[in-house]
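Labels A, B, C and D are assigned to the chains in the order they are written; within every chain, residues are numbered from 1.
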């Protein structure tokens, strides 16, 4: 199996739409390029931020290919390939591998609550037929199913399920994984407001859409952790905490699109039923971004 | 607008698959016919029981057309047309209307939590472009969003949103709707174990997959309510309560398919990742169905 | 063992305080008398409504004795004797029995979550040393511990634990008890807004503070149930539903005291930190009580 | 006002009972002495660990006096004075101050959910009449009421409410307090399994019963934080994480008493209904304590 170890800031682009709510692929490439040049350690299209479930198969394939072409090997690319059915999940996983992805991410979407066996077989069926690493993603709020630490442990016995992303918002989950699975388990934090707590608990990386807006603060937090400087990490974290909380509370596709506009960058349109932030939300976001930047400037 | 008042037992068929996990449309028609001849008051394909979200657009259209042809006007048909995007929801709603559906049901699916405004515009956009009634369906466990009574009230102001289906499992919600919206509001219960409590609270109908297995008990409960005979309704309800709870706890597509097998009826296959009940679950289900039937026989 | 079967409307008096926040026992006796003459089927001092946990041992004994003297055998008296420690629970249970109580009610108060064994031994220790029936009361919101149906079933094996009061707000719990334990299990509803649903499910009685304010409507609901007249029960229930919800939402001691004032009856003071309803709440309560009474008048 | 800044490891003794379930005050003094000589930075009798709500007024006063006499000024003493009524809370707060306590801790116990105003007045009434600092303690699981960050902020406007203890188990709460109230707000962690995350978030201290069992590991974690050495803090934390989780999951009074027995130290009896760990739990605890000590030895 091709080995790829993801570490640090794993950046999630949004999927921008044009005036007819079609994917704006040119703008998407521009947004990907921004993330790369702003220092992301990896890039992850077709996540929740990229409104994966709102896209057709063709659109997903278009985005997969464009990301890989645009990134062009500068940093690893991990493609979201989650789907309600096993058959479609496998289809997109194979497509991503063939297109040159370094890894795929799979969340066990569910409409009907899945049993542990159903989830295990779902992952195993896909894993056996591809040769790149899989990040198993737990996010009960969006997938409708909460994978227990015991199930995550079982999934890690599948050879190319090598990474766990935890977004249940519970630091104890990460601590349990680290304690039960040993120091070498690669777990990643997907809950923005827990970025500091997760790194303190030993997370290898932070899966986040925040680098679309404040890449420098995100990078500095990670560097402080790498340098074993808790005080500095704390300081960088608190500068961005309110923004991190805001973009989660208002929904990442909506808030990142708006934040790009605050920064003077076109963020495209949203696909209905998602709608732009209202004016009050937009102004709050502007203030929060300004505060982040002010502090950074003050620092230098 | 074409008026259709749904009342009583609104039966939900499963969507059966063949050995290659393709929709088995012949078997589907047989299962629809069973529901009609067993006394359902209406039929509702493409609900959660019918694994709507696991189907392609073509499969949904196939099922819509076949249901309407098979039922052939004997009872009303309400088609599930829910989709993550507004554009696809509208597409399927129009298709259902053109195919001859009497009503459509829409649950506001979400991956990103939708705001009240997003949900209202979603419903309104669809409602304006069709001429048949809409049942707004609240089921936080599967949709990921909990529509407040206030939002439901607002939706009812859209002319052809005329029915509310509540599956949040909270009787007080239904009571609130009835109290706030007046005796004429048409609310329906979608939570099987609350069938008696919901009818007692004034529900106009019961949206349920149980008639695939125990139509007589379902019908008798409804008749007792219509006859204002609480004691009899209580008695009929308690005969089916454990079965109702079981089929919900194990997931309706899985348990209904297994229950059909218990009754000697082919139920087809499931689409992965959904998997059949295990042996222990199957035997429990057999016992529960036997108990329902025993009691009914004893009675006569 | 002395047999006492409680049925129907089990009324809970508040404990009124004087200007120095001492128990006003004369006023208490007046409030008890009101409940008796207004048709309650049983009376239950020292419940949550009676702010049991805010009282000293001496105050509890004073109230126990006064209730029994005042009621004077006209209807059964069930005394709340719950306490964090087993020793104090036993003390008050023995006191109540000696004073002439017909039954005692025990909720397993907890600060530290109790195990099932701890709860069982707690009840069993008390039950063995008294000779009157015990109502085991489940109310996770106030006791901090949720007794599972399995534990309740185990408690019912103790000879004089003969009644179950469910206030978890989940109708399915009551249905499960009824189904598992047979038609003869005596379960009681302690959740006011579920009064209709609980009676429909077969509850033997309704434990409620509402008869302090609207005894006629409470009694009429129960009579309609006894007469197997669901339509009438529904009608009586909906007339009081909003008031029932309001008095629960604002806290029974606070709202009943205020409601007595609305009716021109002294309700005494509260003991700090509990404080009176604010003006807006008071006015809402006045409107809700007026609505209840208007409708009743209209009816006659 | 007398200023006392608590920092670091704030140790909670249990309250041991004799064979008749009376407080064993001699043994209590021994257990307090152990905590002091083992390096606690402060000591806090009559907390949840000390089963405050299970004690009579006289017992609380006995424990207050004995703690202060035994500690004899070597480290600060913070006494728990929480009570359901404002009158009793004030009584115990005054008693503690007169006895020489450095601070008091108050959790807003509730049986009936308290409004924000009720809680504020409760704290303010007590605070005005004593002259030592108050730690406001938020623990929804035991108090039954969840104080919002906004309410905590309001409480901090009372001059001698100078410390906040958060045990809601949500790191984001602490982060919010720190961000909203500034770097100088003194917030303390009361959730053992969140010890590392809370220190990373800037907690001034850790309120914990763990020093009864593993004082060295607790102290070392705090020292690593003070030394800005995240890697070392992480290492010390993971050595104790499983034990911390276990003592919380089985209940602190029960598990600390058992852990003292594992260490060869008499821990007295519990007061009913609390009961000792069962054999399986006891053996698990023994293993976890052994693992903590093994690692520490290996280290030296």
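Throughout what follows, contacts are C-beta pairs under 8 Å (C-beta built on N, C-alpha and C of every residue); 3 or more make two chains touch, one makes a residue touch a chain.
The model shown is predicted, which means the values in this text are computed figures rather than measured ones.
The chains that touch both subunit A and subunit C are B, D. The greatest centre-to-centre distance from subunit C, using averaged C-alpha positions, is reached by A.
Averaged Cα coordinates give subunit B a centre that lies 52 Å from the centre of subunit D.
Per-chain Cα centroids separate subunit A from subunit B by 35 Å. Counting only pairs that meet the touch rule, the chains in contact are A-B, A-D, B-C, C-D.
Against subunit A, the residues of subunit D that register as touching in their complex are 171-172, 175, 178-179, 193-194, 196-197, 200-202, 225, 228-231, 233-234, 238, 241-242, 245. Those residues of subunit D that touch subunit C in the complex are listed here as 21, 48, 51-54, 84-87, 108, 111-115, 117-119, 121-122, 125, 141-142, 144, 251-254, 271-275.
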